[in-house]
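You will see two complexes here that share subunit A, one where it goes with subunit B and one where it goes with subunit C.
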Partner chain A sequence: MTSQQDYKDRQFLAVIGDEDSVTGLLLAGIGHVTAPPDAQKNFLVVDNKTDNAAIESAFERFTTERKDIGIVLINQHIADRIRHRVDTYTAAFPTILEIPSKDHPYDPEKDSVLRRVRRLFGE
Partner chain B sequence: MSGAADREAVFPTRQSLGLMKAKLKGAETGHSLLKRKSEALTKRFREITRRIDEAKRKMGRVMQIASLSLAEVTYAVGGNIGYQIQESAKAARFRIRAKQENVSGVLLPTFEAYTTEGNNDFAMTGLGKGGQQVQRCRETYARAVEALVELASLQTAFVILDEVIKVVNRRVNAIEHVIIPRTENTIKYINSELDELDREEFYRLKKVANKKQRDNAAQDAEMKARKEAQGAMDEKDQVADDGPSDILGAAAAEDEDVIF
Partner chain C sequence: MAETTVDLDTTIDTLLERYLTLLDEYTRLRARLNGLQSGIYQNLARANFSAQRGVRYGQDHYDDRMQAARRVQITQSSPSAGHHVIFDMIKVTADESEENDDKNNTKKEDQQEEQDEKKSAAAATTKDDNNHDGSGKPSPPPKKRNNHDPLRWFGLLSPQPLRLAQAQAVQAVEEIIPRLASLSAAMADVELQVRRARKKRSKAEKVDHQKKLQQQEGHLHGNGGQEEVLPAH
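Now for the complex of A and B:
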């Protein structure tokens, strides 16, 4: 149960998403850039030109390296591109949340958590 | 479960029988407590999964509305503001803090959204035109993020509860299917061994009693034989003594006056 210990100073959200989602969420005020020496953003804009390695490394950075992020929001179509990473991620902190994007409607069948829910109830 | 093999390595004594009985009692109490805990957690878990399902659907709707309002902003401002916003994001206004909630001994964290006052990274956004739309969009997205935070705490609770329920169920099953049968087997084994010892003891006592009886009988017989032999000898003696005694008697009779 180490996962229950380190939640105290997690106070930010992080986003991996397409431009529109990131823009909207930044407008809501979740954007944060750490102090200058290693100015790390807590958001990543993904478009068609972004390769999967970059998404994976951002995912890795938000979930394991940074200790101040409590929730990682990721667009579902981007989560699909690194589906194996998202599905094998089981830690409680930070929470991975798949969100719909403008041009990709939300599909509950793909969501890693909802799939677990379904599996548990034997559907 | 093989009957004889699956038991604890103890010596079959009365003391360890007492220990095993206490252990069995403890295991049964623990089993019922854990079972109840597991049931309480499962109840909570089902409730959470139901709420997750609802919240996910709600999130779909909320995000749709939010992206619509962003489209309005793009239209009103007359260009993409994404780049400007990404560059001007400095410090988070919208933050979360985690609280803990206790469900039958399991600490479930819940996120709570709060906004820090004072810093506004986007004061200049939409200054030229579309300021109203930008404002509205910000509010819509703030509401959407609140819904997301709620969903995230449900999901965290889901993940942790899932883990805890698995552990508790594993313990319940271990107690039910391993510890209790093994302790019962041990008790049975100790009882049978003790019975065996009792029988042995009884048999030994019986043997001893028999031997004693036999010894006594032999002694008696010997004694009797010796007595008889003695008796025969006495008789012989008596026979031998007849003469003299008679003589004595005769003498006494003759010398009656001599003595008194």
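Now for the complex of A and C:
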């Protein structure tokens, strides 16, 4: 059961994605950098040089450490790189949504909600 | 009073029906999100293609002092709709001080950009504007709108494809993403209820089965007694 305390301060949408995905979402005005000296960003731009540890660390920061994130968007192909971490995430907040990217179309097989559906219907 | 297996079957069917309705909406929204994101990527590619040599609309231009203009708001659903949370996206305006500074410096640009953005948003989708007006909250005055406009990171004269990409991103962020998150929470709530109901049903079935066995045994004993009595006659 969730209490209001769990979510009342969760006001930001965080993104882990490739440059175009992050740019697109930041254009919508969701980007936020906290006040210095922390200056924590609510997004991570992932490219070929970004290692999995950096992605995992951002995922950990957005889902566990920060209490001001309500939804985490992550490109599906990036989620694949830390799949064990994403699939074992069970907390109610923040909600994780996997989104497609320019080069990787959305695969319903990997969608966590649709996987839950299959589990419910006994597959 | 314990529910019968028939009652529980009906409950589970009702829950599954609701679940499938939610799933249908989730799937449709997913398709819409895919469409919008494809549009964003195409428009970004167009903007980059027509940009000056060496210019790329990307992270090199992000403002390190950016403040979120669209924020998540989480509320509890009404008891009749279940016990899940609802995600919304609300638009926040800049602080008064910042707003005044900005207004003095760039009032003209704001108005011009406002007009341009409205045009591009209307071209991209007519729904976008409706959403601003139909969100249930008073729409902020036009001058406030662009105080945190990320388009400015890329210069004053942003190309049309970039504006289109922004309009599509706004639609995705305001209409689709919070609804998908809410649906995920609502579906999780129904899943929990279905599992509970199935557990209850399996218990009820066991009880029914035991009762039947007892009745059969009782019946057999009853018959057995008669059979024993009959030969004595």
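In this text, the second predicted complex is superposed on the first by the 117 of 123 C-alpha atoms of A that agree within 3 Å, B and C clash if a C-alpha of one lies under 4 Å from a C-alpha of the other, contacts with A are read in each partner's own complex, and residues count from 1 in each chain.
Note that in this section a residue touches a chain if its C-beta (ideal position, glycine included) is under 8 Å from a C-beta of that chain, and two chains touch if they have at least 3 such contacts.
A quick note: this is a predicted structure, and the numbers were derived from the prediction, not measured.
J.: After lining up the shared chain so the two structures overlap, which partner does A:70 touch, if you call subunit B first and subunit C second: first, second, both or neither?
T.: Touch partners of A:70: subunit B and subunit C.
J.: Using the touch definition from the top, say if A:13 reaches subunit B (first), subunit C (second), both or neither.
T.: Once the two structures are laid over each other on A, A:13 reaches both partners.
J.: After the superposition on A, what does A:22 contact: first (subunit B), second (subunit C), both or neither?
T.: Touch partners of A:22: subunit B and subunit C.
J.: Should A:33 be classified as contacting the first partner (subunit B), the second (subunit C), both, or neither?
T.: Both: A:33 reaches subunit B and subunit C.
J.: Looking at the overlay, what does A:86 touch: subunit B (first), subunit C (second), both, or neither?
T.: It touches nothing on subunit B or subunit C.
J.: With the two structures laid over each other on chain A, which partner does A:95 touch: subunit B (first), subunit C (second), both, or neither?
T.: Both partners.
J.: Just to be sure I read the superposition right, which of the two partners does A:45 touch: subunit B = first, subunit C = second, or both, or neither?
T.: A:45: touches subunit B and subunit C.
J.: For A:105, is the partner it touches subunit B (first), subunit C (second), both, or none of the two (neither)?
T.: A:105 sits against subunit B and subunit C alike.
J.: Please identify the positions on subunit A that touch both subunit B and subunit C, taking each partner from its own complex.
T.: Shared contact residues on subunit A: 4, 7-8, 10-13, 19-33, 42, 45, 70-71, 73, 92-93, 95, 97, 99-102, 105-106, 108, 111, 113, 116-117, 120.
J.: Using the touch definition from the top, list the residues of subunit A that touch subunit B in their complex.
T.: These residues of subunit A touch subunit B: 3-4, 7-8, 10-13, 19-33, 41-43, 45, 70-71, 73, 90-93, 95-97, 99-102, 105-106, 108, 111, 113-114, 116-117, 120-121.
J.: Spell out the residues on subunit A that touch subunit C in their complex, using ranges where they run on.
T.: The contact residues of subunit A facing subunit C are 1-2, 4, 7-8, 10-13, 19-33, 39, 42, 45, 70-71, 73, 92-93, 95, 97, 99-102, 105-106, 108, 111, 113, 116-117, 120.
J.: Touching subunit A in the complex: which residues of subunit B?
T.: That would be residues 49, 52-53, 56-57, 59-60, 63-64, 66-67, 70-71, 80-82, 85-86, 89-98, 107, 109, 111, 115, 121-122, 125, 134, 137-138, 141-142, 144-145, 148-149, 151-153, 155-156, 158-160, 162-163 of subunit B.
J.: Under the definition above, what is the set of subunit C residues touching subunit A in their complex?
T.: Residue list for subunit C touching subunit A: 19, 23, 26, 30, 33-34, 37, 40-41, 44-45, 57-59, 62, 64-74, 76, 83, 85, 87, 89, 91, 148-151, 162, 165-166, 168-170, 172-174, 177-178, 180-181, 183-185, 187-188, 191, 194-195.
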